[in-house]
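Each of the next two complexes has chain A plus one more chain, namely chain B in the first and chain C in the second.
And now, the complex of A and B:
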């Protein structure tokens, strides 16, 4: 026997054939939704973390005197910022994927050491990371020379000036732009669909390909999930921004 | 003559034929003067005459092209000089205050002794509280710079410099960015310092103040010292037409 919740959606489908909320009464489809949701969350969280790490590291590399290093970082930024992330995903998975070593658990199957999820993480992290480098660099450059001179004239070393003065201020300056970029990143994870990463969009497309009457319900779920997911991210970032807020500084 | 007396005659700061250029622009064209312990000297002169450059060379925020600047007999622009040693002896206060905006007034004062001199935090706190009281800001310890008026910020900046126990204090037009009402409270603080025997080098446009506190006044124009003398004679007996013109405009 179905519960009354499931029964309600089954009845709805019978009276309105365009609104087949199949994932509310078919446990198999519900599992696909949950798996998609989980993959999306995993992809988002891991890419957010990696892209921030790449951003901080890249911004630091750009402050080094070595010209070659800075040129490499610039090249990286130009490449990832000026090309579509969808193409980047395909390039990483289909082009670079051919050259990655494989391993064989049973002496028969050949499994590449980097899975499609792995490539999606790499590709999307580098994509968002390129923007983060620019965001953090702008934050560092926004700190006036005079503030650094003040700390220098108090005897701070270059590293101490960076650690205690420049970075804490630059980070606060960067937060709003970082917020935007991370929202973009979470939305862009849907493009991992093209390399068959079983994230939410992939799962929903699979469901309505199998049950075409469920298309409206699938679309609706996608919108709701992303509104909630991005909403949580924005809420968290804004809380963080407020917690870092300095009375009388900025705004 | 005992050794002590001889030492007290030795200047704390000594400049000899200092030249400084920015590219093709020669800003300092042979500046020489001595400052003895406990002396207060004021540097006046038209905008762009190189006053800030001069004062910044004394604590090595700018380098020089030729000549010599000695603090306690040690050459400031010797590449082997430990800049930290220099900055422990020379405090600097800037026109724009340059407080660390993410730190409270008390933290601004405590930071350098704790991080640079590695002094005990609790002892530094006591001293910092005394300094805050000295500049008449008791009750403002936990305010951030953005919550303080210009005059209050400048007094925190003075306390911050004093926390390093310097032998010489440099002041570069420290009242120029202030409202007329708050200029006085900062000048009072500096006057007290001077009366306590702190060696001070001040760039200022406050002629009344210079007359009152200075032991010696230097008038610079176009990168040279045009005229100098004790205030008793400087304002009345200066003969150079450039000095006369400057004084007539400003008095």
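And now, the complex of A and C:
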């Protein structure tokens, strides 16, 4: 069964040399695709989680009365939101990477403690996190002042008010915008290619460079994988949105 | 009325098919060649980051051995020359899509690539695979790379060979500069690339602590390319002819010397092989 499957794509390549679905009949290339897919998934999941945490924490810090803290958060947002993620990746990996501690397995190599995958996670999480802070801030500002006053009068502290009253409501307001930003984040992980993170795009580019006839097939696979990947994310987010829906609140 | 529309549609469909078969039956349309002649300009894809074959001078102008070759080609065709910088990972697509008319872009001549673009004979140059590594490491054999991080460039065919044959962990960057920076930052023990390019880097004085310690492997001739459909037509035959003449007249050796490239045995052999029997008589 599997034999005829790969045979079909071998035959297709014979008759149409521009449609070389090499990953369907060469196990070595299939492994590269799977490795890349795994790295992309890893990168996406970790960055989504970190960026949401950064967003929640940053939005809370912005509600504090301390001006210095708010200014630092604002500075962070401006820095990460206003620079292209591609440049951030290169800057972090090549420029900042020189100042991180290293270890040497052989006396010459200086392997930085933060690998290229590490820098990709840091850079992409902070990039998407900066947008998330703004998204959550918008949600928080949508909570009426009177609600906060009511919780204060019930004896909730500032943190408790944020944790139990403001955040749950703000989160619901923010979900559609968050959804958008996370979709963007998953797509932006492909840019980690520039610091040689072996994610899906890196592997596919490598494959079609090794086998130039497979370019169309590689592009097609990338397209399909990202449609499916982002589709799953959007589906999950929408389910979540519905599950968190409070009747009578919001839309 | 309906019948008229139907027959019209059928007729146009039939004519579409017959038109298609007529086009494929004709061997040489010489579309690109005619286009070049008509507009009086040939667009050649060259490298902009591959010293000294194709790179930018301090004033930003594209110069190098391949650019000189492109100038010779344009002069022989009596048309203007437009240079378009290409990268290893997009050069064949640029040619396929007609963004460039032809390319002279340090491309190794491989079986797979001949299915995509029209690589003409004879090959105009050759290079092997080697590494640039720090003298301090004293690498002496390809086996020393096993399991170690080795920097490479995306688009080079030998990345895969070095990974498969010697178990090196290739970290492939999008550009040469990034990869060499990673080597300087000690993120990898070597930079795997064309021996000819490494040699010119070493002679530039910027890599005094580095060396090219191994015997070159997988010597692979370079090919210039025209659109695949015109390989056996005017364009392809013309490029074959001019390349042959450049071998025979010693023009390629002359250009090699002009650009300070360490002389390659390949060019000497080609010149000898294509020697004019009446030369010196």
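Operating definition for what follows: the second predicted complex is superposed on the first by the 236 of 251 C-alpha atoms of A that agree within 3 Å, B and C clash if a C-alpha of one lies under 4 Å from a C-alpha of the other, contacts with A are read in each partner's own complex, and residues count from 1 in each chain.
Following the convention adopted for this analysis, a residue touches a chain if its C-beta (ideal position, glycine included) is under 8 Å from a C-beta of that chain, and two chains touch if they have at least 3 such contacts.
What you see is a predicted model, and the numbers here were worked out from it, not measured in a lab.
**Q** Check whether A:140 is in contact with chain B, with chain C, with both or with neither, and answer first, second, both or neither.
**A** In the superposition, A:140 touches no partner, neither chain B nor chain C.
**Q** Contact-wise, after the overlay, does A:54 reach chain B, chain C, both or neither (first, second, both, neither)?
**A** Neither partner.
**Q** Is A:97 contacted by the first partner chain B, the second partner chain C, both or neither?
**A** Second partner only.
**Q** Scan A:108 for contacts with chain B and chain C and give back first, second, both or neither.
**A** second
**Q** Does chain B (first) or chain C (second) touch A:122, or do both, or does neither?
**A** A:122: touches no partner chain.
**Q** Looking at the overlay, what does A:196 touch: chain B (first), chain C (second), both, or neither?
**A** second
**Q** Can you list the chain A residues touching chain B in their complex?
**A** Result: residues 144, 146-147, 149-157, 160, 164-165, 168-169, 172, 246-249 of chain A touch chain B.
**Q** So in the complex, the part of chain A that touches chain C is made up of which residues?
**A** Those in contact with chain C are residues 17-18, 90, 94, 97-98, 102, 106, 108-112, 116, 193-196, 202, 205-206, 209-213, 215.
**Q** In the complex of these two chains, what residues of chain C are touching chain A?
**A** 88-89, 92-93, 110, 112-113, 115-116, 134, 136-137, 148-149, 154-157, 159-160, 171-174, 178, 181-182, 185-189
**Q** Along chain B, where are the residues that touch chain A in the complex?
**A** Interface residues on chain B, with respect to chain A: 59, 61, 83-84, 87-88, 90-92, 94, 96, 98-102, 111-112, 115-117, 143-148, 157, 160-161, 164.
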